[in-house]
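Residue numbering begins at 1 within each chain, and the chains themselves are lettered A, B and C in the order written.
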């Protein structure tokens, strides 16, 4: 499968005007690639994920298109997207594990979900059970209520349901934030296992936790205030980033082995701009240590090395 | 700058309050009756139980609401009864809200055994057959006034308000700002009144409105079956007398329709106001 | 300065309090002046409960907590107030720590009303200004504002400033940066570490191992209410001995190395209270040792400033 997003621009309509949550996002995803989508809160990562699968008000599509396997996805048309949702693109939403109806047994919920997608529940059952084995959940889980399951078990259940129809693209939105460290590792490794077994072909993992991405992602896309900042192979982003924001972000993360008394880590002063009326040009301008006049125009997302994209005038045109 | 934000927040409520039709219509109706109850008695020179006119006369220019089978002026009875009804609503409803707040806040804040104990109390009062209790009281107190009735209603109608307030208090209490207040050495009572209650203002206002309406209804019912006050006049009493003295078969509609319609209108308007207020206070229910 | 001696917390749950839930079980450790101690544990480890017990927000059902040698569970009234002058806390959710209908600086006013009633305006303003400066906040940016107008980082710093107004000696920091954005986290963390210079002692409660390493001299690892390993931070991280600590170290995603393939037993939902070692169900070493099922292993010093509660600890190399 291949995913290509071109100039995707999505705003939120509010009483006070448009919140410019996503500006001109352009990137591609290859077959079998696990891409991490990272950034702080409000950077637009969830907006990007939602645009790919459920673009409903107050979100408003302003420009751009999405191509899945060369065909344009009708992301603005919720009805037309029904064909693709769950079957070609699927999502594990944020807090999904807490959104299960507490009065329904898991099995019944699963059946209802499948029926609503017009899938024959009886025929899907053996495959469902096979998947449960894959994530090390006993089949008894189907007879239990959500409250009887631990966080990790619920998350794995949601993973199984979201991927039951073997979607080409899976969007995993903050699937580890509420889990214990050991469960996190298991869940995330199962996600990779899904990709390896070709149950899903490509995955976009949305998170603010860079260290998880370092462990499982092939590439990382960094976003800031609705704009794409940098994309590249994981090793490159973590160990030799080029965008000033990425550099500052990576160096501000505490790591085991770094002590305060020996190495003073630094953060990024200031805060992200409000997207109701964002500054012109590069939105990182105000906090950037190397900003100069050219930054008043939006820097293009250019490929500076094969597979490594940066949106920064300093990197692409340092003498401008 | 910050003062603007302050004003904006209050203006936000005001803005939605003024745009909310349910609130406006409900408030208007209630206001109408309040005005009527205040100035009505000044418009009539009769006293409610005096025999002043022809027996069972239909509405006319002299007796706007007609007369009863005894020749009493229905309009006078109506406006005086309206006043009494509002008194019961305010006193009874107010008392119920106050007791509910007391029990609810303490149970919600303290938790543990205190909470358990107050829950038991709440359940007992909820389950007491008020009807039977009233009969007993009626047997002992040969003379009862509006205030007695209000107090009785106040002491028996508080459980649901207490429950609602308790659950809100419980959820607010687990918020960290309460912990911070405790770590500043604030006493529990002060925390309840300065930190928790203000956060629940909308809730408390709505609870009072519901208690107000509820008290009026209960009073009307009690009056109607004869367990109401023995002195004075109220809308429920009017209806009781009307039915007692055969207004229905005799077709003396002007005796029981005004009080009945008034009660329905007032209580209905109060409930609609409440729904409107809920929309104003809770952004998620608004129609935008 | 602060000493926990066999502290336990038991909750009564179920109808009429029939069953018992042991949130904290005989925890002991110490914090000295100018020291940062990390309390590391996952959800259900009891770390927050310990913090709340130290802050007297939750009652202590077993053991003692001593502050400068005095048992704090006996404090009442004015003695409590004196305690709060010296011991304060900051919590995880900055937005929940403020009453949303009031301005943020009201928390300062409350402190003034209760602790400094006689101070005149000029002196008070000076105190506030120096506290805000110590946490790196500009008074003009943060005073006279509502909580929703400030960022999470600013709110947390504001709370630390509030604690500093009281000239505290001990701060309980319960997951104070976990809800902040990555770029502001490190600044608040640095701030906390910097306060050590004022003689402040900090109990840093977290689930994030790298934060614990960055900021603390000593650490205690908690599992289901019990201390399984404690001691000097470096020693624990370099040579974790307890199976749970080893599992934690192996499971934490790191930025400098990839995960090793270690077998991990995941937690099931039902965890019965056990009389033996709390980690028995998941421990890879316990199968061979029935002492683990029946007896709770005591904390044993395996090297200077490194204690482990494991029956097989002494046998490690």
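Heads up, the rule we're going with is that a contact is a pair of C-beta atoms (placed from the backbone, for glycine too) under 8 Å apart; a residue touches a chain by one contact, two chains touch by 3 or more.
Since the model is a prediction, treat every value here as computed from it, not as a measurement.
> Could you run down the chains that neighbour chain B and chain C together?
Touching chain B as well as chain C, we find no chain at all.
> So which chain is farthest from chain B, going by the mean of the CA atoms in each chain?
A
> If you average the Cα atoms of chain B and of chain C to get two centres, how far apart are those centres in Å?
Measuring from centre to centre gives 49 Å for this pair.
> Report the inter-centroid distance (CA atoms only) between chain A and chain B in whole Å.
Computed value for the inter-centroid distance: 53 Å.
> From the C-alpha centre of chain A to that of chain C, how far is it in Å?
32
> Quick check: what residues of chain B touch more than one other chain, meaning two or more?
none
> For chain A, which residues are shared contacts with two or more other chains?
Residue numbers touching two or more other chains: none in chain A.
> Two or more other chains in contact with one residue: find those residues in chain C.
Not one residue of chain C touches more than one other chain, so the list is empty.
> In the complex of these two chains, what residues of chain C are touching chain B?
Result: residues 52, 55, 57, 80-81, 84, 88-89, 91-93, 96-103, 107, 110-111, 114-115, 144-146, 149, 159 of chain C touch chain B.
> Which residues of chain B touch chain C in the complex?
Result: residues 1-2, 5-6, 9, 175-177, 179-186, 195, 198-199 of chain B touch chain C.
> State the interface residues of chain A toward chain C in the complex, per the touch definition above.
Residues 40-41, 136, 148-150, 152-153, 180-186, 188-189, 208-212, 214-215, 238, 248-250, 252-261, 264-269, 271-272.
> In the complex formed with chain A, which residues of chain C make contact?
Residues in contact with chain A: 42-43, 151, 153, 181-187, 189-190, 193, 207-211, 213-215, 237, 247-249, 251-256, 258-259, 264, 266-269.
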